[in-house]
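Pasting the structures in now, so scroll down.
You will see chain A twice below: alongside chain B first, and alongside chain C after that.
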Partner chain A sequence: MSAGTNIVASDRNFPKHQDLVEEQLVLWYFVAALLFMTVSMLAGTLMGLQLIRHNPLPSIEILSPGRWRMIHTNAIAYGFLANAFLGIMHWVIPRLTLRPCLDRRLSYLIFAAWQFVVLATAVGIIFGQAQGLEWGETPVWIDPVAQLGLLLVAINFGAPILQTRGPMYVTLWYYLAALVWTFLTYAMGNFVPEYFVCGSSAGAVGGLFIHDLVGLFVTPLGWGMMYYFVPILLKRPMWSHGLSLVGFWGLAFFYPLQGIHHFLYTPIPMFLQYGAVLSTIALELVVVTVIINFVGTLYGTGGLVVTNLPLRYFYTGILFYFLTCLQCALQVTMTFQALIHFTDWVVGHAHMVMFGVFSMWQLGVMTYLVPRILKTEWYSAKWCEWHYWASAGGLLVMSGDLILGGLFQGWSWAALQPWDASIRLSIPFWSVRLVAGVVIFAAQILFMLNFYLTWRKAPRTNPVTIPDSSGLTTA
Partner chain B sequence: MFERKSGIILIAGIGFFALAFLSNAVVPVLMYQHMPEKTVKELINGNLRYQFEDLAQRFPEAFENAYGQPPADPEQAGSWYNDKCETALRLGHQIYVGEGCWHCHSQFVRPVSNEDRRWGPVSKSWEYQNELQRPVMFGTRRVGPDLSREGGRRSSDWQAVHLFHPEALSVGSPMPKYPWLFDGAPDKPTARGLALLTYIQWLGSWHETYPYYEDYIPVPIKTAAKSE
Partner chain C sequence: MTVQREPYRTHWLTWFFSAVVLIPTILGFANKFLDLVLVIQGDEDGAFAVTPICNYLFATAGFLCLFVWTATQGAFQNLDGPSHTMMENEHRFDSQP
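Moving on, here comes the complex of A and B:
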């Protein structure tokens, strides 16, 4: 693919990068994403301190740890991940389709509207207006606004994708499908179990929602991004187009069928639970094909994955993806569930997916794009390295610790020990988790500082007048 | 088809999503059609009424501040208590959700891991067919114990002190304090505090085995006895 665009770039009749990509907006999205990440990590730290009984600010209503626990997850999903994805899509989609987004003003409107949605969600949760579904805590009155926002996003990005002629590149399959899925998933999760169905059925829909949000919003946008950036950085096409096809269609078919695996052993009918378990295991096979494809693409490029920092981010994420999916295939079985459901095992798993995979990928893309957009090197390449090692290392310790702690909790419960025994044995695990979390947090602060200082030293010229930014493959 | 826009939007985007929704969501909805959703009013049972009036006796001032005086006529008092109990249950549920209690406490007893021996009967679908389980409060993480059989297990005094300052009763508890549900002392719950206490005491009150743990020694309460 990169060969194709090289030819394209030299052709005078094709649109220029600066007419396609609204670079300023990409940066703004990154800034918003990182700010919400800070909020989320502050919230996570507060809950971490609460668990080891060192909450420095107890007894303040608007700092209620339970509420901030919801801000932690919502700010990461809608504030960090969604903002970073939108920014990256503003770079990728116009460059792949050779068409700008539908409307520049609409793009900025969406940016503003989305920040409003996330902020309003946070404020609503702080004042105790959350709704009772994970990731669907968004207060009642914001749901329609967010839904409308997602529709606008789909229109704005859908327009250039739908105008392309001929076969589409893999990334666009994922993006196009994700635009449809995210809209449908949000509608399903934020309206059906709140207004239409209750009890076990609401549980089934709720499970479907939390699962689809990961599988049909975050995952396709994440993989779409990988299929775009990895070949560019490696300067070679994907290893196997056939495997790309298997990966996409396998995900599209099996992923949405698994929602109920979040509620195994509940009163939801047993045959549906088994169905969810089976399709989860089936998806692991699909995941393996995707991993093989990416490893095949990497094969024979020497030590590039070690020396090139963004690439290292990507493949670290891919490694964690493989690990989490392997974990899925095991933990989804009824035998495992009996032990680990409700424990910190699941929390460790969730952090490995959300931070170890998707955040790592996005941070890698930011590491790659920020100097390209600001037309200057990173203020400190060393800090970028620190950012990587502290993020990856911190995450590895955090998930490993929580996964192990979860096993002990499960055994303690099954052994009918008094409840406080399970609390006491958790304290060392929670303490390690807190330290790992603070390390991760510190790494992100360092990254933000690096970002800020890079921006400050960036040349303050109108980017349109810079001739060398016109190439489509500013590698 | 596999790389075309129409295939991706219609088959993968809408088709597979719809298939999953039909099989994973519509099927259970249809299966539980014979169990219609109960309203909050229909959820008020003798056990809960007992607990609610118990609150009125334990915290007379707080109760009066929140709900006023019951009518003198015992008949009318009965329906007055029912009305107030309904209000309290709704508000209590809202607080339970808003405070994120459900991120630390589950509301379902599984048939595995000796859970029925710890908490009581394994959860059944009919227990969840009501307005307060929309969305369902199954929960996903247990930092604290399951609460689906909590009602009646401990006195409202215990619950009030525990919410005000968990560590006072449970040494080393990581559960947060909720002093904003009280007027400065655990014996002075606000309307929100009373509501949350009502909600806690409701959990599991629909069961024959209620209360599951402690001996159930009813305190003679006039109106409660009458309403039975």
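Moving on, here comes the complex of A and C:
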């Protein structure tokens, strides 16, 4: 029988999990992701210290704050998020398609190549080779390697997806699109402004790139992941698979143009700016369908969010996603944009979406998968709880603080106060941000320690315990 | 696990949101695209905005083709079918020794 997701294979032909999923590689990706997250958060902490005028590394050019900041953003995007997504895809895609990835050796080659790309990017940035585009700072000599790596990723994961027959589950739609979008988005942002266009046109393309990296790389991989794990943990299918397809196609049609909304009030023609505003508002309606679907799926089983830790991560991320999209609907209006442009509101928004949504989801998946793969319960369930509360609480404080601080900055500038005045009023907000950041950082260190100790106590041969869906208790 | 038909309310909701999202947006984009044509005709300097618009139209045209192809392949016939199949397959994976 064909291995389509809509077709149930007979028992005799049904593949074995261990023949499909390269569990060791999933763990390796998680380890790499968490290591890069440490680097990113260390860089973020140093930048936070710089903002309150306590730079711990003064007078060292290669460790200057501007470079640390780029390490912070690149390591979280390409080091943490990308690695974690790749690891999770190695679990999800084979189980959904009932086929392994194209080639096992290629999977390991991609793993090694991706770590090289991220490390080389960090080294290049430290030594001043960054390109002048947010999130596109990757040195020019790494761009072709990264582009080739993304092509290999698309081939390796695309092969089993394209071999499925019949209607696909929505997760595979999201993943298939992300494989294509990420390749195209990376090419657009790293090659078009560098070699083909300049000036305002390059700015417009840069705007598309920055936001498309969130919307066409991170978002589809994130939602694809959620459409897979949430029904499994709730032990019930999505409330409406049809509505989930509305979400997917809505993203496909409306997301690509909205990047320009980062460049409102710039020399880019107003019709293009309004087009971005319009597509952003259209996407808010799409977001509503997604939120309704996940709330509808949870309906009647809400208590599980309290008792099941991975599920709590997922729905916390969904809540933050709703909040960020609500912010988006406000901040793309021209009047509101006039107030918050260039302020820390945007920084708070970015942290809420990248950590509060996507990182929380990935940490939730790790909390669920690590004990399953290692076939033992977590070393400390209490540490897992601490990790959740410190991450969610720290992020709530950090983003709330930055959003509020951004409003004060905007009002200060609107009142034509001197620049120094806005700096002075920002110091308390930046201090609170630093404390919240350190709490989040400490939580991740605790999680990594828990991960290490869990791995160390895992059985080497036959499994002796099987964790339940919360990943915390022994069956 | 038996394959269930999609409830009437979710079927209705799917079409409702599709209409709410698509109709105003198509009208809006058509209007703004007309603005683009006018800018290019009246001001050569404005032509640089063609780059992002072409990127967008290129991507959207690709997805429109994919969408039409998907519809012709019957992907929207039994909308909840893949969801139930996924759950059943997961159950079988988890039942393996």
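In the analysis below, the second predicted complex is superposed on the first by the 449 of 475 C-alpha atoms of A that agree within 3 Å, B and C clash if a C-alpha of one lies under 4 Å from a C-alpha of the other, contacts with A are read in each partner's own complex, and residues count from 1 in each chain.
We take it that a contact is a pair of C-beta atoms (placed from the backbone, for glycine too) under 8 Å apart; a residue touches a chain by one contact, two chains touch by 3 or more.
Owing to the predicted nature of the structure, the values given are computational and were not obtained by experimental measurement.
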| item | value |
| --- | --- |
| Combined model on chain A where chain B meets chain C, clash or fit | clash |
| Partner chain in contact with A:231 - chain B first, chain C second, else both or neither | second |
| First (chain B), second (chain C), both or neither touched by A:453 | neither |
| First, second, both or neither for A:253, with chain B first and chain C second | both |
| Which of chain B and chain C A:323 touches, first, second, both or neither | neither |
| Touched partner set for A:199, first chain B, second chain C, both or neither | both |
| Partner chain(s) touched by A:98 [first = chain B, second = chain C, both, neither] | second |
| Which of chain B and chain C A:168 touches, first, second, both or neither | both |
| Shared contact residues on chain A - chain B and chain C | 167-168, 177, 181, 184, 188, 192, 197, 199-201, 204-205, 207-208, 245, 249, 252-253, 256-257, 260, 268-269, 272, 275 |
| Residues of chain C that touch chain A when the two form their complex | 6-7, 10-11, 13-14, 17-18, 20-21, 24-25, 28-29, 32, 35-36, 39, 46, 48-49, 51-53, 55-56, 59-60, 63-64, 67, 73-90, 92-93, 96 |
| For the chain B and chain A complex, residues of the former touching the latter | 2-5, 8-9, 11-14, 16-17, 19-21, 23-25, 27-29, 31-32, 35, 37, 94-95, 97-104, 106, 108, 110-115, 117-118, 123-125, 127-131, 133-145, 167, 170-174, 176-180 |
| Of chain A, residues touching chain B in the complex | 50-53, 55, 58-59, 61, 64-67, 69-70, 128-134, 136, 161-162, 167-168, 173, 176-177, 179-181, 184-185, 188, 192-195, 197-208, 212, 216, 245, 248-249, 252-253, 256-257, 259-260, 262-263, 265-269, 272, 275-276, 337-339, 341-344, 346-347, 410, 413-416, 419-420, 423-424 |
| Chain C contact footprint on chain A (complex, rising order) | 5-9, 11, 14, 16-17, 95-96, 98, 166-171, 177, 181, 184, 188, 192, 197, 199-201, 204-205, 207-208, 228, 231-232, 236-243, 245-246, 249-250, 252-254, 256-257, 260, 268-269, 271-272, 274-275, 278-279, 282, 285-286, 288-289, 292, 296 |
